[in-house]
Each structure stands twice: as structure tokens, then as C-alpha cells.
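By letter and in written order, the chains are A, B, C and D; residue numbering begins at 1 in each of them.
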Amino acid sequence: MIVEMVTGATKEQVDHVVDKARALGFGIQLNQGTDKTVVAILGSHTGKTSTDIFAVLPGVESVSRIMKSYKLASLEFNPKPTKIKLSGIVIGGKRLAIMAGPCAVESESQLMETAKAVQKLGATVVRGGAFKPRTSPFAFQGLKEEGVKLLAKVKTDLGIPVISEVTDIRDIELLAKNVDILQVGTRNMQNFTLLKELSKLRKPILLKRGLAATVTEWLTAADYLLAEGNKNVILCERGIRTFEDSIRFSMDISSIAVIKRFSHLPIIVDPSHAAGHYAYVPSIAKAAIAAGADGLLIEVHPNPEEALVDGLQSLNLPNFEKLMNELRPIAEAVGRSI
Amino acid sequence: MIVEMVTGATKEQVDHVVDKARALGFGIQLNQGTDKTVVAILGSHTGKTSTDIFAVLPGVESVSRIMKSYKLASLEFNPKPTKIKLSGIVIGGKRLAIMAGPCAVESESQLMETAKAVQKLGATVVRGGAFKPRTSPFAFQGLKEEGVKLLAKVKTDLGIPVISEVTDIRDIELLAKNVDILQVGTRNMQNFTLLKELSKLRKPILLKRGLAATVTEWLTAADYLLAEGNKNVILCERGIRTFEDSIRFSMDISSIAVIKRFSHLPIIVDPSHAAGHYAYVPSIAKAAIAAGADGLLIEVHPNPEEALVDGLQSLNLPNFEKLMNELRPIAEAVGRSI
Amino acid sequence: MIVEMVTGATKEQVDHVVDKARALGFGIQLNQGTDKTVVAILGSHTGKTSTDIFAVLPGVESVSRIMKSYKLASLEFNPKPTKIKLSGIVIGGKRLAIMAGPCAVESESQLMETAKAVQKLGATVVRGGAFKPRTSPFAFQGLKEEGVKLLAKVKTDLGIPVISEVTDIRDIELLAKNVDILQVGTRNMQNFTLLKELSKLRKPILLKRGLAATVTEWLTAADYLLAEGNKNVILCERGIRTFEDSIRFSMDISSIAVIKRFSHLPIIVDPSHAAGHYAYVPSIAKAAIAAGADGLLIEVHPNPEEALVDGLQSLNLPNFEKLMNELRPIAEAVGRSI
Amino acid sequence: MIVEMVTGATKEQVDHVVDKARALGFGIQLNQGTDKTVVAILGSHTGKTSTDIFAVLPGVESVSRIMKSYKLASLEFNPKPTKIKLSGIVIGGKRLAIMAGPCAVESESQLMETAKAVQKLGATVVRGGAFKPRTSPFAFQGLKEEGVKLLAKVKTDLGIPVISEVTDIRDIELLAKNVDILQVGTRNMQNFTLLKELSKLRKPILLKRGLAATVTEWLTAADYLLAEGNKNVILCERGIRTFEDSIRFSMDISSIAVIKRFSHLPIIVDPSHAAGHYAYVPSIAKAAIAAGADGLLIEVHPNPEEALVDGLQSLNLPNFEKLMNELRPIAEAVGRSI
């Protein structure tokens, strides 16, 4: 940590900072500049210490952190990219993970029809929400347990892994028993109660980025999942909230390169929730693969007009087929496959 | 809802929209403009219907909503400002609610010392966190049950109501039994699982605004709390995430006027979390009262240098005393009292 | 325009809105809903009328616009994508426009060396700033007229078109005489004085998106350039300001699809200013091409360590060569070429 | 500046940084931490040097700045708050500066009627736009020279100073001759060409904050105005662009405290442009004064329904009178007067 004193800070104030740092077991180095005194606070555990501890002291102007606040998710901690193996597929490998399916599981026929179709078109995982966190309490909240059972049926009947969202610690057991990947939604990225319970599993967890979370906060939330030893964490970029109002969320395409520079975890992209409208999904999906993402999470519905949730952002089957055909040469162009 | 067709939409496309609306029980009115056809969809339940249902239809360019997505929290639903009575105080009345205390309960002596001091200086509620949701899993997570018990002791010994945060449905019972107001933190504003359980209580719930939630989303989250009949909902503005980096969160001072225009719920302001630094707290607190807020939630610590959590944003006792003295004439200037 | 009256608006208030609309020559259609009255205001020139004219009337709750505020830049106005021809190249055609070169022209040797190298590697336009708008008045402000002359030399000697930024109406003549494309920088996107003067030219103008401009505002600014008959407008997405702090600006990759849906103007992408760091440039550049951009504006410097401006975001020549090689198959995958 | 090397940086890489710093005349201090090497770069002119110069070197992970990028606007440079005297009033003194008047000068009668009324109600400066930068080229652009002449008439006839916006360097002379304060609008905050010319004047300049400018960028833009010796710079906060859509811009109320902590320049607040709707103006205006602002810039129109520009955000005369009456006790509560 770098502690910058105010201009004219007294010797006592500087000593106070130095004493505090030493009391906490840190090394220190003093830089007496021509204008200002700067105290560098050194030690491998500064990342776990709040900058406030020094910022609150008299005569301190600001404190900046050198060590990042996340550790387990960092490339420094684990210099080899993580590959997650499940049910015959690898996430983070050469072959892209294409997770496709309806936003919400609505019925056996709707789910099964979609699952078969996307599997045939090259999807490697089937997605489907059984528990739906909705902005309004008056909106459809999902089929719940019945939806989970239908996902389990897809897994058994079609031999394809399934992913579904967990929103409540009381549902973890049910989901862990029936689906291959548990998804933490954007509104729960910092639901630490939920993250701590999921950290005890050994199942893959897909952690969506919070809609206003920085990349650093996102990786720090991943640390919660990794803290109890679960190594199977997949990041999912899904767009951030900005002032732009022509689409629902602004896809932060750069986060892919940032994650690849600082973390070992695989990252996939959800173009559907960012776009909010099917017309924008293909362009964003193609960009994500070109940028280096390890896969996609896409909403597909056999009849978007009749979808109970998020029909507008769902691709119908012909459009999904068209997109898969367009993605293939791009995947190859960046050394991947579909 | 207003459905705008694309230029050149066919009669079949317009009819499709009209039929869909009628099938859902809505009235419709057709506006054939010189350039574009616009379909107005009418009925008192359009607020509960997703705009996607129409936006997904062929030939539709955009759909905008006239009815707001929240209902129970709206001034239209309840045209009289809500006043919440508890343990001898009223929130939303002429007298401002000043909730003060440490960010985290650290020990009996720390809590009791602070509680006595803030009570003497005019605070009407004592705040203190027992369960602390922290960005990093390596940070102090609160005294938990022991902290709740200490808050209950403050309530009994000093006869002042207490408020504390709930982060886990498993803690609701404990908190509901021991504290007067349950606080939903910014990261849980859309933790719908938690909101649904809290809606079953009849205790006051303070709902902090999500750090990137619009006012509309915030009021819609309040609808979750109100949906099961709990009428005791207090809104708390605590700053939003923006590009500005000189303070931690940008205090959205205008939300006070917006809330007063559209909702009957009382609103208080937390200047401490927005500021992130004690130097900015008084200016923001004074602005909030002048803008029309019904109270404040302020972090106060007898010794911020030793605080385990958020010391930098805590006022020490002399600074809290000074602020209370500065707030009094401002409160009077806007027809309130402290 | 759609005017929503407040619940309980009187007949006089509704009549006032209707009379105002008729006085302005608009048609109107009245929708008396069960809860609210809504007035639809119709006519082809509503896009030129401020919504405030109605929002200010008594009894009005809100006014929303159906016609977009831009017209000349819209796909409705000109349903065929615009192709801009200059000095043997076409912007908006099948072949991508790759504009590369140093952020600032520093010397003849620096510019000439870079220009030759990027031309050889496939760039179709050479970029170089002669007038540099800098955040701080103490920073290097460019070689000015001398820089323009060096760009003209590149154009003559190498037979490749050049682009340079205009920041002052007094420099328009000099630049128009010497360079092929005039660039309007992000901080001048709404410098309407400058836009109006540039609209009188017939030279191609590249209009960078303002760092906090919505797509709608950007296209409306393009209308300023198009208003006097200059049809040669190129849009350039360069990232927007958000809360994310791991890179300089968040690349709004989705704006490419949005622009393609609503405008006929070509759009290119500047990955360098968004990234702020050379390590992120390739990932963003590849994403842009996959998303459907018509080209790139990239900073390249033979020796970034010695660059006077923005060295950190500049690619050195080996990295530019590597990127061009990586871009080629992606361009082909989306039906374009380099 | 603090240069953080990557984990595992070689001795050569560290030496390279050190050599570069020494070549530029800086002192350096080396911190060899247990995990990382950190190089502190010292000297009073580091604020004028780009961090990129070091960030671009091999083995560097990040560079952070300790010295701020602005200098002349800082409280360190000038530790006494600046008071600006003009035509019998002082901006930055005990008495608040209340600048009121129409958004645009529309006619002699409109301007004169408003000016007389606001003067009588306690305004100390009359505002009025003669050159209007408008988002759309089809909107009313102001009365231009005729408008300036009308403002000069107000000044002469009523003996009250006037303020008007400058958007074009060609208008500076006209405005400087006729008005007391020249206003730089939000879209021109980083129009450095304009700032440089204005810096040569000795007239007061009101610098509005850019709609997405950080406080640091704003103060650095003020440095442009101060660089040629003009000391009469007034800052004007007018709201920033965020995701919130219930009002036009989010008033950044905290910037007042931040500016007061780091700068000597007076700061006033424009509640009208932030609000975008007259209903929100009073709440924001009162908050601004309570927060410590030195004055207000308010739009007032005798008949907002007929205003050519921004009628919706203008107060009519009764509402302005009411606000002035409400502001007086708040001003007194914070030790100021109106």
C-alpha cells in the first residue's frame, strides 16, 4: 500500500502511520519527496488489509493499493488457465462451450424440443431457469422444483449437461443433485451468504458479473467461491449498466482481455441479457468469440412470441442455427472450435 | 403501453399486435400517423405485463410503458405519505429520524459507549451491524448472534430502538425478535428470496437502494416487501455507482425529490457509505435534510482509527456532535425538527 | 409524441394539450384509458419539436418521443448504406478500412517510418495528430502546421490517404487542403460551432463518439455534419465512460449493431483509446471486426517507449503485424477482407 | 508516481525504469517487497508527466499518480479561497450569488420582464443565453448578437451584472465587451481551443462541469483558464450523466465538498439543467446551499409554457419567489446570506 501524506504533514503524523504499519507486521519504506512524504507499506498480506486503516489517520491524504484485493482467482496465484471438466466436455479448452436454451423452463415439451434442437446444432450445455428472480413480484417466478426435474430429464435422456440458476440456499441441494452447473445470477454476485454455501460444493459454479461490479469486485466475489476449495468456477460477462439506453446493458467486451491478463478462470459471455433484443445477439456473440471468450450462454426459444420470460432477447431456432454457422469460422480464426 | 411499428409495417403485422393485445384482455387504440403506425394498449393491468410480449412481434420497432412497473409503493396507490411508528418514534413525521452508531458491532463496550453518546446527542435510533456482508472473504464478517444480543441490550438498557442488517433468511427470526428495524443492504436490494421472506413480517424494513438500481427498480423492489401486507417500508438512498472516483459513491440527491413525487414511502439518506470518507459526510448530510429527506443513517465510532470496518467513513463523537448542531437550524429551515 | 396525463387530470388540462398540439400543426388522437388519459401527437415533424413543449403543461406526467431526434443519419432517411470513396479506397465497402499511425506526428522520420511500415502491412489510411487536444495545459500540444505538412508529404510520397484531427475552426482550411479525412475528436462531438463549419466541406469527416454520448446523441451530432449537404460522414466508436476502472474507456461493442440497425453511415472502431493499454488492443480490435465494424483506427508507433503522447496504448510494429495477421481470417469469416 | 512491477520482474526491467526516471530528472526510491518491486518516482514536476512514460516499459504492471494532474486550481497552490469581485458583488463571499433568468434570450420584453422580477426577488446576476448550443441542428440556436445587446441593456438599465454563454472563439470579443461573466457550457469544458483564448481575458469565466468529467478533469480544465493569468474562474456543477433515468442528469452533490477540500475556486450549482423538470429544482437548489455551494444558476421564465428553450426546467416567477423565500433560512443556517 502507498500512503500519501498531505502537504505539510508533521513528523508525528508520519510516525503514527509508520508505527501503525509496523504494529500490523508490515515492512515500511519512507519516501520524503520535495513536496510530500509517501510511505510504502510492504508485505504479502497487505491485500487482506483495508486501506481505511491508514486513510483514517491524521495527516493522510490518500491510500492506494498495490496488491489486488483478490488472490485465489488471480493468475499470480495459479499461473495456468483453469480447465473445468464435466460430463465429457471441458470449459476453458480449445473447444468453445456453447450453453443454449430457454430463459425459463416452461414445460416438458418446450424444454425438450429446445434441448434437442440446440444439441443437434452444436450446443454443448443446455440452459434453463427453474427459479427465476424477477424485477417485479407480479411476474412469473419459474416452475421451481418441477423445472429442475425437467432439466434432469434432459440430462438423462439426451446425455447433455445442464445449467440452472440458484437463488436461494434452500435450493442448493436440489440443484446440486440434478444439474451439472449452478449459475449465480448478476443480482446475486455479492450475495455472500449464497456464495459461501456454494463454495462448499465441488460442482462447477458459473458466476455472472454484477451489473455494476468492477472486474476487481467480480474476481473478489470469485474468491468467495474458491475459498473453501471449490476450484470449478466459470466467470460469465453479461453486460454492465451504463448511461447508454439503446440496448439493455452495455457489453463490456474488454473485460475478456482484462480477465485473461489477471485471472486463470475461464470466461464465457451471455450476449442475450446484454442485448435485451434478439437483433443484437449475433453481433455481440461473434465479438465475444473473436475477443477470446471461452464460450457463450445464449437464450434460445422455439417460439419467442410465446415465451413467458425474456422472449425478446431469445433467438428462435433458425436464427440460432444461422448464428452457429457464422460462429464456426470465427472460432477457427482464433484457434478454437465449436 | 405504446407500440411503435417500423416504417412500412404491413397491415398483417399491425393486426397481429392488435390481436395479441385483445387476446390478453387489453383495449387498443390505433394511431395511423403519416410516417408510422402506433398502437396504444390500454388497461389497468398493463403495468404487470412485460413490454417484450409486444416488442418481439414482427414489424414492431419499440414498446414503451406508460404505467409504471411498481404499484404498491406508488403515490397513486396510496396518496398519503406513510408514517411508520415504532417504540415511541415516527419515521416520516415532522421530527427527523437520526439513526447513528458503528458500522459493525465490535464489543459490548464499543457499542454501549457509542449508543449512549449518540442518544444523548439526539439520535433516535441506534444502528450496528452484526452480520457484515464484505467484499472480500478474508475481511471481518461481524459478531453475528453475539452482536444481535448486544443490540437487544442497548434497546433494553437505553430504551432506544435499534436497526441491524439482515443478509440471510436463516437469521430473520433472530433479528426480528431482537431489533426494531431490519435493514436490507444495497447488495441485497434485488435478493428477491430475502425480500419475499421479509414481506411476511410486520416489522419495519429499511430497504437500501442498490448501487446501480434506478429509482423505478428500487420502488419495484419495495413492492416485493409490500406484497404480503407489510406496510412498514423505509427507503434509504446511499449513493450510486458512477464514473466519478473522488468519492466512493455519488450521492443521488435528486432521488429524494423523485421519490416524494411518485411514492408514499419515507426516505432517509446514508451519507457515510456514499462519502467513504468522514470529511464529506457533513456536507452530504446537510444537503439531504435540505432536500427533504426524512432522516439520516450515519456511522459514528468513538475511535475510528481502531474500527474493524469502515473506520474512514465514521464520524467520531465530537464530529457527530458538531454535525447535529449544524443540522438543527437546517431542519428548522425546512419545517422539520431534530 | 405520446403525452401521458397524470391520474385525475381534468378535461381542461387535456384540452390544453390538444389545443397546443393543433396550434403547432400536429394531428392528435386521444386515448382515454381506464386509469389515465394519453394523447398521441402525430405528424412528420414531431422529431424537430422538443418534448418540453408539452411536458411543461399542467396535468402532464410525462412525454415520450416516437420519432427519433436525428433524421439525416437515419436508415429511414437513406435506406442504403453509405459508401465513402476517397483516393482509391472505399469506406463502408467489403474491404475494411484500416487507419493506422502514431497518436501524434512527432517528426518527419517518426511519421514516415511508421507510415511506410503500416502501409506495407496492409493499412489503407495513415493517421497522425498535428493538433492535440490535451487534458492538461502543460502537456505536448502537437506540431501543428508543421505536422500537417508532414502528413501531406506522406500522402504525396506514399500515395496513401491521411487522416488528422481538427480542433479549431481556424485550422479547417489548412487541414482540408492537406489531408483526406478530418477527424472530430470525442471532446468535440458536440462542439456545434465546429460541426457547422465542417458541414460546409465536401471532404470526409470522421466523427468520434463523445465519451458520454448516447448513440442517439451521436447520430444527432452527425445530422449537424450532414445538414449542409456533406454526405461523407464516418462514425467512430472509441469507448464510453463507465464505472469500470481496469481499462480507460469501456468499448461499447454493441453500438456497432445498433448503428447498423438505425443508420446508413459507416462505422469504424478505435480500440486504442478505449484500451489505454496496448495489451488490450488486439482483443478489442478483433471483436470489432467480428461485430461488423467497417474498419479500425489504430495507434501504431515504431517505439512506444519514446512516444510523446499515448505511448502506452500504441502497438509497436511487430505487434501491429501480428494483429493484422490475426484480423485477416476474422475479416474473411464475416465476409470482409483486409 | 508509484511504479508497480509485475511479479517476477527482472533486475534489468527494474533498472530500465530507474534509468528512465533519472534521465527525466526525477529522484527514485526502490521498495523491494516480498512479492513485488515498487519504484517510487519523486520530484515536484511529476504531475506534468504522463504515467504512460513508465507504464509502457517492459515488466511494469501499473503506474499510479500521487501528485494531482491540476496545479493552479489546487488549494495547495493557493491556500486561500478565491473571491471574485464584479460590479458590486462578490462570488465566493458570505453572500450567495444567485444568477437567475431565462435559458435563452427571446425578446427584449421577455428578458427585461424576467430581469426586473428576479432582481426584485433577490437575484444578484441575470443569466440569459444568446448563443445556444443545441443537440439538434433543427432547434432554435439563439438570438446571437441581438441577444448580447439585450443583455447589455439589462446591465445598463437595471445596474445588475449579466452572464452569458460563449461557444465560439469568434464571439469572445463581443461577449467580453457586453457581459460581466462568460460561461463555458458543459459540452465545451474540454474545448481547449476555447479555453486557451478565454485564459487571455481578465473577465470572470464560469466553467461548467462536463457531463461525464471527473472532478479532477474539471479542475485540470480550470488550469487551462488559469494558465495565462486569469484568476477569475468560477466552477459550476450541473449534474453528471449516470444510468438513472428519472431525471435528466444526476446532481453530484458531493462534488461541492470535494472541490472545497482540494480547490480554492468558488463553486456554484445549476439545479435546472440537472433536474430537467421544474418540480425537482427547489429540492436540489436547497441541497446545494446546505452542502456549501457559493451560489446558484437558475432558469426562470415568466411563462415557461411559451419558452423557446428548456421551458420544462424553468421556474415561473411565483415558484422562483417561493424558492428564494425557502432558501433564505437555509443560507442563514449555514452562515451565509441571500
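As a convention for this text, a contact is a pair of C-beta atoms (placed from the backbone, for glycine too) under 8 Å apart; a residue touches a chain by one contact, two chains touch by 3 or more.
Every value quoted in this text rests on a predicted model; they were computed, and no experiment measured them.
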Check every other chain and keep only those touching both chain A and chain D; list them.
B, C
Report which of B-C and C-D is connected by more C-beta pairs in contact.
C-D
Let me check something: if the centre of a chain is the mean of its CA atoms, which chain is farthest from chain D?
A
Distance between chain B and chain D based on Cα centroids, please, to the nearest Å.
31
Taking the mean of the CA coordinates per chain, how far is chain B from chain C in Å?
38
Suppose each chain is reduced to the average of its Cα coordinates; what separation in Å results between chain C and chain D?
26
Give me the residue numbers in chain B that touch at least two other chains, ranges are fine.
212, 241-243, 245
Note which residues of chain B are touching chain C in the complex, please.
2, 4, 7, 27, 29, 31, 33-36, 38, 40, 42-44, 64, 66-67, 76, 241-243, 245
Touching chain A in the complex, chain C uses residues 212, 214-216, 240, 242-247, 250-258, 260-261, 274-275, 279-280, 282-284, 286-292, 326, 329-330, 332-334
What residues on chain C touch chain D, complex-wise?
48, 50-53, 55-57, 69-71, 133-139, 167-170, 187-188, 190-193, 196, 211-212, 217, 220-221, 223-224, 227, 241, 277-278, 304-305, 307, 309-313
